[in-house]
Amino acid sequence: MIIGKVTGSVVSTRKNDNLIGSKFMIIEPVQSMKQTAGCLVAVDCVGAGIGEYVLVALGSAARIGSGQESSPIDAAIVGIIDDGTELE
Amino acid sequence: MIIGKVTGSVVSTRKNDNLIGSKFMIIEPVQSMKQTAGCLVAVDCVGAGIGEYVLVALGSAARIGSGQESSPIDAAIVGIIDDGTELE
Amino acid sequence: MIIGKVTGSVVSTRKNDNLIGSKFMIIEPVQSMKQTAGCLVAVDCVGAGIGEYVLVALGSAARIGSGQESSPIDAAIVGIIDDGTELE
Amino acid sequence: MIIGKVTGSVVSTRKNDNLIGSKFMIIEPVQSMKQTAGCLVAVDCVGAGIGEYVLVALGSAARIGSGQESSPIDAAIVGIIDDGTELE
Amino acid sequence: MIIGKVTGSVVSTRKNDNLIGSKFMIIEPVQSMKQTAGCLVAVDCVGAGIGEYVLVALGSAARIGSGQESSPIDAAIVGIIDDGTELE
């Protein structure tokens, strides 16, 4: 997984039916984890807010354990970091 | 997922039978998401047009929720972003 | 998926039994898609020749729709691009 | 897999239910394996401590063979390297 | 898949039970395929020796066709290249 900061959200009205109701958040990985990815879009599964540092599961892991097995997603917020600022 | 702009399409006459009827679009990720990938080819599942900003699911996610479970695809357009220009 | 040019092939006599009969082609991605990967080896499923521009499926997608479900492959040529030179 | 050094851990109180009890370790890949990834977060399955060099399985492999099939994780520590310092 | 040279091996005494008996080899991808990855650790399934050029399957492909379906591995040597020096 990687840790990133939620920097915003994005709206998509016309989308795959299995994505209806999903919240798409823009994630900026913390500096030390940036080599893995630039910013990315992750579906929120834990009620994260803008500015929070979150744990993001990538790939098939994103669809596991949160009732999204049939959604076309490859990134999900699966946890909120208690003190993420120390990671920057 | 990543967000990118549809910049064109590509035609393949000789292809895997399970790809017959698929529309192959060329996607250029927005600048902030470029570290993940350069341009790539994604199958369109939502009727996206050239110039539109779209949400692209990568990996096994591309085959979920749109009847493409048996197609050899690793990237699919799963949503159209309402206002993508603000992401550039 | 990415688009690349078939630049050669490679021979492996001692290999996994499930790869017997597979044709291993060396693929050089087109410039705009190079950030995803450098050259790679893909199994040919559509009869591609050296110099042709091809559509390559990566990851688990490589094993779908062409009877290679039980082969240890992570990249497959799944289509031949009609006019690939315009992509360079 | 890649080899990395455990440099710390991270705490997430609000998280996916299937992650309760998981230990999240921060991994810094050894220099020669850094091109694959920057630092990342991996779940510990073998009792690794800070400062140890470990073998990290990525992707779906992270959920195999350690009873974590239903956890949304994409990286797991699956072994401790006997002499990792020689890899730096 | 990528082609790399076996440059060494690594020993892990404390590891996941499903990895007992696995040989962990360090692979250095050939120059043209380095953009995909730096060095990595792959499980040997074909009896490769140090200095040999090998075909490495990545991701879920690593667990297919060699009886390692339940091992937490994401890279496996699946073939030995007959003449790998020409690839450098």
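When the chains are written out, they are named A, B, C, D and E in that same order, and each has its own residue count from 1.
Basically, a contact is a pair of C-beta atoms (placed from the backbone, for glycine too) under 8 Å apart; a residue touches a chain by one contact, two chains touch by 3 or more.
Nothing here was measured: the structure is a model prediction, and the numbers come from that model.
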Mutual neighbours - chains that touch subunit B and subunit D alike: A
Subunit D and subunit E, separation of their C-alpha mean positions in angstrom: 19
Inter-centroid spacing, subunit C versus subunit A (mean Cα positions, whole Å): 31
Multi-chain contact sites of subunit E, meaning residues that touch two or more partners: 34, 59-60, 62-63
Sequence of chains encountered when the ring is traversed from subunit C in the direction of subunit E: C, E, D, A, B
Sites on subunit E touched by subunit D in the complex: 10-19, 24, 28, 34, 37-42, 59-60, 62-63, 70-75
Residues on subunit B engaged by subunit A in the complex (per definition of touch): 1-3, 32-36, 45-47, 55, 57-66, 76, 78-83, 87
